[in-house]
């Protein structure tokens, strides 16, 4: 390896420590169960990737949480989030590797793991909190708080992050600051509302004038239009919106939700292209964790059957419920409910488009 | 392309027809919406793969449904099922490609698709039925049967397959024929029950004699052991088993369930190696479709928000429910509930092991 | 299926034609070989995805080939290319499905396919040409042109695309138009050259003053610095650059190559963020096809061994060579050769940064 | 976390050590480069997975290297190898995550890594040797042995494994012991040779009697048949086979190669089903590493351009060459060269089939 004192791959990666940190507990004096090594290594890789996800989240939150987010930094934030998405693919792949362990092989050391359990993954809880999972929406585990299974030190560390800046709040504040909602003489929401009303009116007319509908079908379809109209009301009306929020159906503030809608509808405007990519990325991340939890639930089921997990609660039903409830950006999934088709979108006034544009011109010679 | 009459790649693959079968409906006289082509091609690829899955399922059911299944054909059945698993990975990948379409782009042609919908995928229903999805466990769609959205011809075709041989029934019959459950003087179930009783007794003793448990914890843990004992009773007791089955908690017959347990526990015996692979493969397939449906539900949610799907029912909630309910081999996920650790497994008598073995000996010179 | 005349999923997708277009040729009067259906369907899905890739490429080339590319359309072009990347993942997945066919199963119908072969995939050739594969860099197949194996009609269609606008040319022209290379008093290339010279000087000093190097190592390392200096010369010197291009080592024009370098180095500037994403996307696409061809070569090898492919030429060696030679954006892989570290990058003058920026300000009330 | 002394997830996984072992070297006193953490974690995960691969390989070699391999253990060996295949998918996924780092970001810390490099991955060299990579076929690195870049301790450790039992040798010995090649009156090779001769004769006749071939084409095709005949000679003739082996075109012994052929051709016989799966698995592994190396070469190219890697040699060209040369089971890729179609296979005598079969019969009541 050449000259003394040169950097060596093994040392750089800390492999002495890393490769010594797999300590199977099965087997007593004898050989440990063959598959325990796999079990340890899969979970260690999960933890290494959670660490990396936290690094990216910290950086993204740091940027987005500021009072102004320079355009120059938007690309970087999107890159951080896109990296998390790439890592999520690995996380699912790791479940597939873990699944090469059969339930009977797991049973060779499963009992000895109790009460240790994935519920005790400190870093995963930090990820959830850093993303902005609402503590009040959290599932309890066998009736207790998710931090009850942690050591005191870890419990404190996690609880602190419940109050620290998180990605959802940062994005909420950033979205709510979006200009263009009202701009000089132009009031986007008034214009959008008009477009919506016109659309609903067209739908009503289409149903009423449909030549082949019997009365029952007509009534049913008209009712659907009115339900749609009522749904739009929850968007436009601050009080109704707030009520939805109190009941947990909305998480973003109304201003933020509306800005997200604006960006989604006019995403081709140069100034909205990266914001749109950012919204898409957080939606992907939310979807990625939901899909991963669900996959994890299926794995838990086939690995331990109907028995309780090593953490003392029914593993797979918890994980399945968490896939449904532990969502951070569900609002963004709901956005299309409030889309009007491109052809019916209000056109932005020239001065707004101008402000949203940038271009480079031939350089002065 | 050389000599007249030679086979030509384009013709062999029927590309004239194949590449002419994308007929976007958006755009009227003008250009169709850009993403409609993607939408069509993704769904056509789904249908091509469903066709292939049916080909493999038909072959597997054909073999397994026979009154005897020669060992020589077991490997082939496992290969057919493994291919389905490989295809399932593609199906998920195709959802990721579809997700490159944004909700706003979808809206460019979404309305025009109504009432056509994925609920009308005839082949997917055939796949479900061929696997053995219980018609009584099917979700209704807006209160109606899953076949109500089909053309008459397709409805008949699908309903026929509800009564045709399916993979679950074929595997049930094949499992139930497994010899070795009772073999000469050896009664496996008596032996297994003894092993279970001994295990439960050990667990009771461990709790009772634990030095550091307070009374409440002891009671709780003892209760857990008794619940486990009661669960085992549902396995051993034909009446209890049948009651579970009536309530939809079991789908396999008791004999089949027990044979699956035997094969899983003694899977290293030469004669059980391929049967074990077969059970693993159908578990994988069931898991694969559940994960795919769930992913599909997430996609549907972000694509259309809270609105109803083009098929007239709330797309994503249906798909999420189907991921939970439309399971065919859930029993195999539950098997580990009834495992005893390898160290506590009853040893098979020499003559049984002998029957389960095969070996090749040096050929007579 | 409800009311007469309504759109039906089966019809919308053209499933009558689509599902009738699998016509196995093996088996004569009897059953075709089981795996021929898989073989056909995999290849049909390849062709459907090639069609989709062409749709996206056409759109991207259409935009990029124009004399000016509005910022508003850049995001869309990147989306088109990102979709191609997503599709490429499927293409690799499809090879894995094809690999569930064993060589012996393939042999059941392989002979009958001759001389049809993947070499005859018209659409794949169109993809290559649309990307901008240089006709002169193409491998011959058994000494003949790649179009010799095509029908007359297809040969003409493909040859036309050799002369039609393609993605590489369009990107070359677009890059070469980048302003900012010279801007008012600021001459980027003069500044960059200074930065490079300073960096090389630092490296020379570091080697010369290194306390522990013996003479031989010092000479060796100094030579490496001079080689690096010479390499930079090929970038700065128009004649040297052109010579590299003539020998096929460069494909982009010097201006385009330099603009790509500028964008890569200052990618955080708002105006460069999407152009950088575009360059990354085409690099990914080039890499994706190279990896796919290589994987395809491995598959061909294990499927037919050392024998010639059905197209009459040694399949796997051709595919492996194509992975190496049929590259369209190799220049972009080479870019980092000419990077100087961020810390040594010339700072852009305020007026240039200003031009590269955009921002939105609080809207006038 | 409940009772003192209970097992805790964090401790079980050794997370204190694991999560402290990322020690970036960039940044000096200040912040390290953002992407160095990713770089470290990706490589640490590679090393953890290499450790797991070694665990599986050791177990597989341990079983296969014995003088007899009980059928009971075959399934387990196949499972070990299948797990390696699942891990290989992750390895490729990890490259995709690493690729979210851009070349410019890498440059922020790349220089400081020298001369540390992936060439120094001790465990990967152990994997290669444990698989059975022939030391004589190894590429040199800048003219030096692959162990020259290692520490003394690691060099010794690696060189020892060159002489230790490896998977290829173990499989060679196991294959060579296959009975059935000669069995009582039945000489498989004589029968196979007859089948081959008959096949070649049919091909000659087909060409000669083809009505539409001109003389040149006929000669060309007849020559192809003779080349095929000559190729078969290298299989049947021990001396020719040995000569191929000396030149590096074959690695398995002739007996082993022939047994692999027998198993592939008659894989449906019960006794050959698991051996066939084993051969398929090692072929998959060889393919997986080749594809991974190639992907790695592409990544190295785009990450550092034409410059030399940190290990002092041109990274991407080495990796590309290694993808081609560092193959362990290429013989198995070549097998299909010597297949005759199923319809032309010699039928096995009843007594051989009997020996290859096993079956279970209704148990004596």
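The first chain written gets the first letter, and so on, giving A, B, C and D; residue counts start at 1 in each chain.
Definition applied: contacts are C-beta pairs under 8 Å (C-beta built on N, C-alpha and C of every residue); 3 or more make two chains touch, one makes a residue touch a chain.
By chain, with names taken from UniProt: A, B, C, D = Tryptophan 2,3-dioxygenase.
Remember, it's a predicted structure, so these values are computed and weren't measured experimentally.
Undergrad: Return the chain pair with more inter-chain C-beta contacts, choosing between A-B and A-D.
TA: A-D
Undergrad: Interface overlap for chain B (Tryptophan 2,3-dioxygenase) and chain D (Tryptophan 2,3-dioxygenase), more than half of numbers shared or less than half: same or different?
TA: Same: most residue numbers at the chain B (Tryptophan 2,3-dioxygenase)-chain D (Tryptophan 2,3-dioxygenase) interface appear in both copies.
Undergrad: Name the chain whose C-alpha centroid is farthest from the C-alpha centroid of chain C (Tryptophan 2,3-dioxygenase).
TA: Relative to chain C (Tryptophan 2,3-dioxygenase), the chain whose C-alpha centre sits farthest away is B.
Undergrad: Indicate the whole-number Å distance between the mean C-alpha point of chain B (Tryptophan 2,3-dioxygenase) and the mean C-alpha point of chain D (Tryptophan 2,3-dioxygenase).
TA: Going by mean C-alpha positions, chain B (Tryptophan 2,3-dioxygenase) sits 32 Å from chain D (Tryptophan 2,3-dioxygenase).
Undergrad: Provide the C-alpha centroid distance between chain A (Tryptophan 2,3-dioxygenase) and chain B (Tryptophan 2,3-dioxygenase), rounded to the nearest whole angstrom.
TA: 29
Undergrad: Taking the mean of the C-alpha atoms as each chain's centre, how many Å separate chain A (Tryptophan 2,3-dioxygenase) from chain D (Tryptophan 2,3-dioxygenase)?
TA: Here the centre of chain D (Tryptophan 2,3-dioxygenase) sits 39 Å away from the centre of chain A (Tryptophan 2,3-dioxygenase).
Undergrad: Considering chain C (Tryptophan 2,3-dioxygenase) alone, which of its residues make contact with at least two other chains?
TA: Each of 267 in chain C (Tryptophan 2,3-dioxygenase) touches at least two other chains.
Undergrad: Within their complex, state which residues of chain B (Tryptophan 2,3-dioxygenase) touch chain A (Tryptophan 2,3-dioxygenase).
TA: Going through chain B (Tryptophan 2,3-dioxygenase), the ones touching chain A (Tryptophan 2,3-dioxygenase) are 102-104, 106-108, 111, 224, 228, 231, 264-265, 267, 280, 283, 287, 290-291, 294-295, 298-299, 301-308, 320, 323-324, 332-339, 341-342.
Undergrad: Write out the stretch or stretches of chain A (Tryptophan 2,3-dioxygenase) touching chain D (Tryptophan 2,3-dioxygenase) in their complex.
TA: Touch list, chain A (Tryptophan 2,3-dioxygenase) to chain D (Tryptophan 2,3-dioxygenase): 1-2, 6-15, 17-23, 25, 34, 37-38, 40-41, 43-45, 47-49, 51-52, 55, 59, 79, 82-83, 86-87, 89-90, 93-94, 96-97, 100, 112-122, 148-151, 154.
Undergrad: Residue numbers of chain C (Tryptophan 2,3-dioxygenase) touching chain A (Tryptophan 2,3-dioxygenase) in their complex, please.
TA: By the definition above, chain C (Tryptophan 2,3-dioxygenase) touches chain A (Tryptophan 2,3-dioxygenase) via 3, 70-76, 179-180, 182-184, 212, 267-271, 273-274, 276-277, 355-364.
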